[in-house]
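Here you go, one structure.
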Amino acid sequence: MQTQVHLLTMAHPGDVSALDALINSGAVDAGRIVAVIGKTEGNGGVNDFTRGYFTQSLMQMLSGHLQASPAELAARIPCILSGGTEGVLSPHYVVFCRAPAQAANGNEGKGGALAIGLAFSAPTAVEQIGRASHAHQVARAVRAAMDDAGLDDPADVHFVQIKTPCITVARAEQARACGLEPVSGDPNKAMAHARAAGALGVALALGEIDEAALTDAALLSDMALYSERASVSSGVEISCNEVIVLGNSPRWRGPYRIAHRPMRDALDIGAVAGALSDLGLAASPQLGQDALGRIAGVFVKCEPQRNGRVRASRHTMLDDTDINAQRHIRGAVGGMVAGVIGDGRIFVSGGAEHQGPDGGGLIAVIASGAQDA
Amino acid sequence: MQTQVHLLTMAHPGDVSALDALINSGAVDAGRIVAVIGKTEGNGGVNDFTRGYFTQSLMQMLSGHLQASPAELAARIPCILSGGTEGVLSPHYVVFCRAPAQAANGNEGKGGALAIGLAFSAPTAVEQIGRASHAHQVARAVRAAMDDAGLDDPADVHFVQIKTPCITVARAEQARACGLEPVSGDPNKAMAHARAAGALGVALALGEIDEAALTDAALLSDMALYSERASVSSGVEISCNEVIVLGNSPRWRGPYRIAHRPMRDALDIGAVAGALSDLGLAASPQLGQDALGRIAGVFVKCEPQRNGRVRASRHTMLDDTDINAQRHIRGAVGGMVAGVIGDGRIFVSGGAEHQGPDGGGLIAVIASGAQDA
Amino acid sequence: MQTQVHLLTMAHPGDVSALDALINSGAVDAGRIVAVIGKTEGNGGVNDFTRGYFTQSLMQMLSGHLQASPAELAARIPCILSGGTEGVLSPHYVVFCRAPAQAANGNEGKGGALAIGLAFSAPTAVEQIGRASHAHQVARAVRAAMDDAGLDDPADVHFVQIKTPCITVARAEQARACGLEPVSGDPNKAMAHARAAGALGVALALGEIDEAALTDAALLSDMALYSERASVSSGVEISCNEVIVLGNSPRWRGPYRIAHRPMRDALDIGAVAGALSDLGLAASPQLGQDALGRIAGVFVKCEPQRNGRVRASRHTMLDDTDINAQRHIRGAVGGMVAGVIGDGRIFVSGGAEHQGPDGGGLIAVIASGAQDA
Amino acid sequence: MQTQVHLLTMAHPGDVSALDALINSGAVDAGRIVAVIGKTEGNGGVNDFTRGYFTQSLMQMLSGHLQASPAELAARIPCILSGGTEGVLSPHYVVFCRAPAQAANGNEGKGGALAIGLAFSAPTAVEQIGRASHAHQVARAVRAAMDDAGLDDPADVHFVQIKTPCITVARAEQARACGLEPVSGDPNKAMAHARAAGALGVALALGEIDEAALTDAALLSDMALYSERASVSSGVEISCNEVIVLGNSPRWRGPYRIAHRPMRDALDIGAVAGALSDLGLAASPQLGQDALGRIAGVFVKCEPQRNGRVRASRHTMLDDTDINAQRHIRGAVGGMVAGVIGDGRIFVSGGAEHQGPDGGGLIAVIASGAQDA
């Protein structure tokens, strides 16, 4: 098998014309699309409806190409979106297809080519969201996705994208009316808990943390527990957990490989250079035109440091009543990564609780081989 | 003479204790302070009162050390603040003192040391703000500040910081009541015009544009006209134009030098590396601890590109009803520059109309010589 | 004929289940739906995609009930949404159906019952949007909608809801690339021009202004020109003008009547009481439970006063860099009207340029007759 | 004694010229000023520095009139500000003076005239803020202020304004470094706890709750506990609790009286009418010019209902990532109250935890007697 990757742009959150055109031209076989990861231009918070709008538009369009209803497709193709294109970030989506392998392509001798695996969990109950049992549910789904990709060794996994459900004020009220207590009645707080559960679920599945460490109390509290490869978004539009596992495997073919690095803080520009370097790409200080042409996807998680400082200096993100702290940090880290890459089509997602070192995050890059490879 | 530079932090916009401590310890002679440039944590817009608060606090504190009232000091010491510490940016201020030269210090053979010159214009009438006559007024003040610094050759000037008055709804109403038409009744638009007039005033004084090109119609319209060295802020708290000119001069002594580069767009990380390189500092990809210790001030202007794109990709800054576009761009460019420098104490100011290439901006860096110099 | 009115709620902008349930139960005949007016919970600005999301969801749902594609339905059923449910405002939509008249219902002797008429204009070119020719195009469409309703006398018209296209940064760039100059490159400014054109188009059609007064220069400038019955929204999701005319007509039957009042400023609580009084409803100071049960729709336009004052007192809406002025005014006027009505399901739309007196706006209320009528 | 009340406006948060002019004219004796309550145009959150700026400006100005430093005055004259003038609200401040009684003035037979009492507590430790011990500290200060006013009967107290310190990210870090755990590391959450402690302190002092009910666990949790007369603000600029008690007392003279009502929710316009009615003022639906001239101060607390509804309808305040919920509710309730009063100079403060019924709040009005009284 091989993974095909298409980095596409949108004019607004209801615009899926770029993918529609590729399908109509035959460049993409709609039936082989297995996952979509993207950024839409909402605020990235509880009341960001650009994610649901894009997903509805995508599934409706695909439904016109395939013998399935939008609902059936949504239940089969994870479409994981992060809202918020602050600063230089540009709305875009990355479409992953699974296709029969082409002939040899140069990645055989380099430890394999990009592999993708998927899984959907059962729905998570509102009172379960953001708790340890939620993390265990995610861990099981990650292992299922690794099996799906044929990735046996956790070391070969470089990026796990999760989308978890979250809790709105209305959902919290419903639960309480049934005598069930949601993890938090504050929607933004509950969203953070949901992301934390997703992240520690990945960490557990990849052997980055011990099962014993994964308790209700540890979530959003023991920040020494984290995954270097988990990226978790949370949204009102879903009720189960969607998992996409990406890694490199000698069983797979194709021009793409993936690399990742943890980011120790919001100024860790070295992590960006490091992930690029693992793929044979040098930014000095920015990728050249050829190297930029090889980039098929850049995925970043980041987080405003909770002690109110970035290294020695005070930041003001957490004290700002006007701009949400996640919007601040996405804009800043997005600016830095986009500066190194030379392009604003970077997936930068805030809310990196337990995703990379505390106050930092992680980066994963997918690139094709050099022309001459 | 020599210029002394102190990069200080604040805990909030009314906190000038860091400078007070330096004065009390004798490290700074309050009477030698000639200018302050800083960033406060407001929103950077018309209703950002953190600038006025800091200035009031500063002048009141200095008044306790000097035989002058706060008002007299404010009329003599330009305190130019930019509001908005989005993302990783950190509230800070740079204090410039003029002192008798110490003995030789290693910069003699390198084309001179950091020189500083100052000027205040007469008050600008509300109906004049943001028009060509405003720019001419600024140009005269820039030339006066160059004379003050003994900088005869415009090529030796690397950074000109201007603060211009702006127009609130109330001021606009007053003017109209007198039969005078302000350049715009929209406060944010008027602020942009004020910055444009300041920038083209600098460009005229430095010979970067022809006098004939400087017309009312050109402001905010002919974006091919710009200064590579102008940084203009605008605020409700002043009524005249304050000018600080910084350059390198063989007549000056001291450990500091300044360098600058235009930035062609918000991803121009090469300009950051270039300005550092001019000062003998290498970021690969970030400054090391020693090099960071030599940094005394980083000054950046930037601007959301008005065609809605950053290079090939659509950005969403100008279409965002929730976050002002200037807040977006400061966060993004601030993140990139802070990533290269390794510190969030970067003066990043939005509103770069005619300050650097359209959609880009500029960077200036002040650094001391290497230890062994 | 008679007009049926359904005031429905939504759980999020993609939720049209309330109408779907009414159709499934037989309470609403999907084929008789002629118009929808509603409020969604976006920011109400250029980047508010909740309107497009709701419209897509609505048309897709209706398409399942009718022999027509979503696109065909969207071209036939005006769905005019205003984004922004600040403060106590609640997301909701009012569905209008045209049905054969039932038997006599008590409104015969009172000057008629609620009548509705519709029209769609041709698409408005980007360079035409927000100019006098745009207003003329709207005026023609209003007259067509009056004909459609059988409302010959402009005095019988009480509310005209218009949705006009607007200009994004991308659309402006496209136009400029073709050598055409849009009315403004600033999306929020262009949106204001589009609303102004819509409003003066209504004023012209209803004989509230002279045709000679309607010039390009008058738009957003001569604020003495206005309609007391125009409500205009503007959105990125459409390219033509949609018109809904509401009035009372003796030719129509049914329990509903409509009344309106201009609001002279944002504190004109008397206008609210006046419109209610015209319908036989007394608020002292709030509607009682029975009276509230008769309310079928409340429609308000409002505007932050451009001189920076509300009566004698300074307001800060126009100087606020963090919250858009339209969001401020919707929240304030919405709070006042909801307080009198006793319910947050009020259509309050900002951007009232030329819609009611300058700095004020207007209110229209639809209510059914008293039980015993 | 008698209380003098001056309702003054400001052009910006550093503008205290209106009071300065009254002092210079002799209309106000600076030495008799005992308290100031006002609204400034910041965002009302942790990073609202307009409160500190106004206070600094006020104390500096008063220092010029009195033989005392700004710091001494700040420790003696409570200046309690609430940030946020959303919508039609107008920045203003109410100055209270205590003066020897004039001759008889018509209020003698009506249950007394406006009385004012003050108290300052000791500083509250960071780890104590927002906990039950904080509430007890406030209760003691309220009783001291009642004694100061000569108000023995809690029933004669109509409004208690408290300002409590709050916790920034920096303060929380400091406390943790000392092994002390602040009530919350989230600044906005900690601010809510601080207000809750202040409110229940008032309730305890006024006998509205039992001492046994006042536990750490009850704060922000048992919302059935509340005061109908407490108004609490919280700000970074102070470290102790400031208390102003207002009531009516037969021992006092002067033209002013005060009345209050709890507000059951954000639509409780009847509470506004009720408080006015207690003072002999009729709004039908708005105060007339004469009645408006008698208003000397309107004080409102309000709160977004935590179940996500206002009466039957869903509101979106708590799910909004872009505008803080407190800004939403101040704008909405401010619009309603200003509509009834006919003026935007209303003190509307969000964060009404335990201040009035849950999801509602309270209103207090000070008015002078009728001309003919």
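Going in written order, the chains are labelled A, B, C and D, and every chain counts its residues from 1.
The definition used in the following text is that a residue touches a chain if its C-beta (ideal position, glycine included) is under 8 Å from a C-beta of that chain, and two chains touch if they have at least 3 such contacts.
As the structure is a computational prediction, the values presented were derived from the model and not from experiment.
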Path length in the contact graph (chain A to chain C, fewest steps): 1
Set of chains whose contacts include both chain C and chain B: A, D
Chain whose Cα centroid lies at the greatest distance from that of chain B: C
Rounded Å distance between chain A and chain B, as computed from the means of their C-alpha atoms: 38
Whole-Å gap between the CA centroids of chain A and chain D: 46
Residues of chain D engaged with two or more neighbouring chains: 11, 41, 43, 47, 170, 314, 316, 319, 322-323, 327
Residues of chain D that touch chain B when the two form their complex: 11-14, 41-42, 47, 49-50, 52-53, 56-57, 60, 170, 236-237, 322-323
Footprint of chain A on chain B - complex, ascending: 9, 11, 41, 43, 85-92, 266-270, 272-273, 283-286, 310-317, 319, 322-323, 327-329, 331-336, 338-340, 342-345
Chain B contact footprint on chain C (complex, rising order): 43-48, 168-170, 173, 185-189, 306-308, 314, 316, 318-322, 324, 327
